[in-house]
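Please find the structures below.
Presented sequentially are two complexes of chain A, the first with chain B as partner and the second with chain C.
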Partner chain A sequence: MRRTIGYCLFVAVAVLTLAFLLLPIVGIFVHTSPGKLLGQLSNPVVKDAFVVTLKTSLIAQALILLFGTPTAYLLATRRFTGHSVAITLVELPLVLPPAVAGVGLLAALGRNGLLGSSLDAFGISLPFTQTAVTIAVAYVASPLYIRQAIASFEATDPHLTAASRTLGAGPVRTFFRVVLPLARGGLIAGLALSFARGLGEFGATIMFAGSLQRVTQTLPLAIYAEFDVNFDTTLAMSGVLILISALLLLTLRIALSWQRSPSSRSTSLLGLSTST
Partner chain B sequence: MPIRRSRLAFLSATAAALCLLVLPAGGAASAKRAQITVYAAASLTNVFPAIDSQEKYSFGGSNTLAAQITQGAPADVFASANMTLPTQLFQKGLCSKPIVFTRNRLVIVVPKANSAGIHDIYDLTKPGVKIDIAAKGVPVGNYTLQILKNMNLTAAVLKNVVSQETDVREVLAKVALGEADAGFVYSTDAKTVPGKVTVIKVPAWAQPKVQYGICVVSKSGDKTDAKAFVKRVLSKSGQKKLHNYGFLARVKPSPKKR
Partner chain C sequence: MAKVTLEQVNVPLRTFDLDVSLTVDSTVALVGPSGAGKSTVLNAIAGLVKPASGRILCDHETWFDGRRRVFVRPEDRRVGLVFQDYALFPHLTVRQNIEYARRHAADEYLDRFKLRQLEGAKPGSLSGGERQRVALARALAREPEILLLDEPLAALDAHTKVDVRAELQQLLSGLELPTLLVTHDFEDAAALADRVSVIVEGRLRQTGTPGELVARPADPFVASFTGANLLHGRPHAHGDATGIHLEDGTLITTSDNGDGEVTLAVYPWDITISTTRPDDSAMNVIAGEITAIAELGNRARVTIGPVSAEITVDSLHRLGLHTGRHAYASFKATGTRIVASKGGTE
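And then the complex of A and B:
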């Protein structure tokens, strides 16, 4: 009897939690009809913001993949002095308020920032450019990929890499032929998560890159700008972002189920253990 | 035993969290004089607390504030950097008939270093100048566009615009930081960061009519205190404070015949 009551309590709390999480999303889609939503998508503000968002996000994610993967591999396979400091550094943007990230980027890469005058000597001025948007996105989103990549690399069976090495493959070949295929699922999942985070970037972008239609105005910035102009447009763009984010999260779930780990270890995703 | 203890910890943590949720509401209710919530244009950030330090303020772009009030935000008073927005709210029955409580004028600000070498408004058309303005819809953004139109500089200046901000103080901040080469703000904003920016005047003939409107929000739960606040702003001492911060008299002195 007591057991049933306890179970019911858990179910009730879970239902409440899920309803709380679902409510704003229902609100957005109830507030606007699908026809209206589609109609708003031809609005130039929406189209421009979509293009800017997609372009900057894709470049940022490519950079994250290119630089984050070797970094994550090193952090996963080597223990050195300052290892935990490096891990903390990687994770810091995850918990920093985006506004702080924006201030930091301005203080570092702004015209009067740490590297600003050196960049200026080369005729480069970052603030208010699409490059600035890309940098802001890369800064706030990279931890999500690198963390997941570290977890995936750690989960690959060290015996397999050792076997590959004893069979004569060099470290680079081993990395590309053995480690990468093994960690593939986790890496894709990390990238999906990082992509989703990057799409939603707001605070660092508005501070470091400003907001200008067709140049630096991403979807979240356009949502904020349109809030007091046309609420329907705001709803439409929010709807689009929800759909894309949901799609990315779905990709992530599927990718994680691919991750084959011979010793059936679990890969951790944001502290959540997903057994594979 | 450890299970018991952790359950106890969990329960007390939950209870504490619930208490925190409830407490502030109780605390506010027990305050002596009821505080009202004033939604005010970002350009009023310094002067309003000087007129009345008792109230709760939410400063921002007047258009954002108006949209929030339309969506049911708990404001008692709305003070806008134009008459258009409060008049629209009045027509929708969302606030009382707005009254002009002060006026302002626009200036151009450039960083103290002025590396772009801007000395008058026409210099803003030089190629490569980075200009920051407020977005269309934000009162100061609309005023900026009006000036450019009056001076026939719209296309020439807009091609140099690098960002459109959501309120006037963000324009000011980006110029004061030296990230933008120039920006359009109210003369009163420029006065708040005297060491960081240089002011360049906009010709008087090109100035738009910048009137600030104030109204009592219809859904206010405390109209008596809201009305008292409006009175305080319109009073002699309120107007003196506004004057001290560089705002113009609410009624334009009658013009001399030219």
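And then the complex of A and C:
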């Protein structure tokens, strides 16, 4: 008897939790009809924000992929002094409040910042440009990709890389023909997470890049700006972001099941607890 | 046939140093308990592990020389390494796995290893025996100077093992390629190799043909590894090594000599089992309850007290043996061998 009461309690708590998580999303879609949502999408503010978001996100993710992948591979396969320091650095943006990250980027790359004065000498000024948005997004979103990539590379059977070497393939060929194809699922999952995080970037962007329509105003910034002006626009943009996020979550699920099937080692969602 | 030589190759491992000198010019088996450093020897030859010192030579080519700081990378040595888990690339088909070693090589090996019908299959859908054939085909497609097999039969179930061992035996005898295989099973080593080296904690204890190791085991470890029962006891009277008192008081006669505490080796196939005490007074007899019976194909191992006897399954049934039954294990004095004596006057 006591066991059934306990069980019911667990179910009740779980249902409540799930309802709580779903509630805001229901709120957004219930508040406005789909037709009204679609109508708002032609609003120039929404269109501009969408273009800025897409452009900066794509560039930022490309940079994360390009720099993060070799970094993650090195951290996953080599043990050196300062390894844990390097891992901590990779994870730093994850725990740093985004606003603080923005201030930090400003203090480093701003006109009077650490590197800003040198950049200024070349006539480059980063703050409040679209480049600044890209940098802010890359900074904040990178840990989600790199962590997942490290976990995926660590899960690659070392016998397979060893076999590749004895079969005559050098380290580079081994990386592209064995390691990368096997880690592919995990890497795509990491990228999907990083993309989702980048899309929602707010704090660091507003501090470092400001919120200028058509230049630095991304969807989250536009949502905030339109909040007092036109609530329907806000809802429409929120709807768009929800749809993209859902799509990314789906990609993540599919990619992770992919990763699991060939090597059968588990890769945790978010890569937050995978260890070998 | 090429020749691969290891000269005082030293690799520091966690609890001991591997220190091995070995020549591979035919099929050589490296046998020993797990953790003895067997796989490390293979990895050192393949270039996957860099020794601390010593030399590894392939004919006149130096693959590793600690003093001259020579280290040829694994991709530049011609080594065919078959991993214990086969290490087939799971994302590539059978054909692609073979062609990873050498382009356009697949057709030759697909037929030779009876893999033609499986060429488009991924390793995940293959049986253990098929996987091993792919791994062997891939290793040979590399056109290696030496073939290295890590526990080639360990990943297979007992049923497939017998067939695969026969296949492997046939393959190795036709290859004309120096082969070093690692196993923890002396029987597999004896079936596949011309020479066997016993390795314990990184050192070679004894090297010889399988027959030599069985006939003259250098120490109790080699004896037990070759399958012998080990009996510990003391000579009946000081200096009289022909009568040995076992710990439980049984008196054993041996034709060998030893002093102090001795270890006797008796091979299971030299022991007969009976349900009545044998009449022959020249026989050594150990009486007791049968504690275990293990059937292996058409043979069975019957354990009575400190010894296991190997008999046919036919005689097992004919004698109506079962665990718990009282029986006698008997063997001749000439079937025993003293493999160690300590604390003696020698």
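Just so we're on the same page, the second predicted complex is superposed on the first by the 265 of 276 C-alpha atoms of A that agree within 3 Å, B and C clash if a C-alpha of one lies under 4 Å from a C-alpha of the other, contacts with A are read in each partner's own complex, and residues count from 1 in each chain.
Keep this in mind: a residue touches a chain if its C-beta (ideal position, glycine included) is under 8 Å from a C-beta of that chain, and two chains touch if they have at least 3 such contacts.
Everything numeric in this text was worked out from a predicted model, so none of it was measured.
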First, second, both or neither for A:Val178, with chain B first and chain C second: second
Chain B versus chain C as contact partner of A:Gly168, first or second or both or neither: second
Touched partner set for A:Ser118, first chain B, second chain C, both or neither: neither
Touching partner for A:Asp157 - first (chain B), second (chain C), both, neither: second
Shared chain A surface residues [contacts with chain B and with chain C]: none
Chain C-touching residues of chain A, taken from the complex the two chains share: 157, 159-160, 162-170, 177-178, 181-182, 262-263
Chain C residues within the chain A interface of the complex: 43, 46-48, 73-75, 77, 79-81, 83, 85, 87-91, 100-102, 124, 138-139, 142
Chain A - residues contacting chain B, complex: 106, 110-112, 125, 127-128, 209-213, 215-216, 224-225, 227-229, 231
In the complex, chain B residues that touch chain A: 61, 63-64, 66-67, 71, 130, 132, 135, 137, 161-166, 174, 177-180
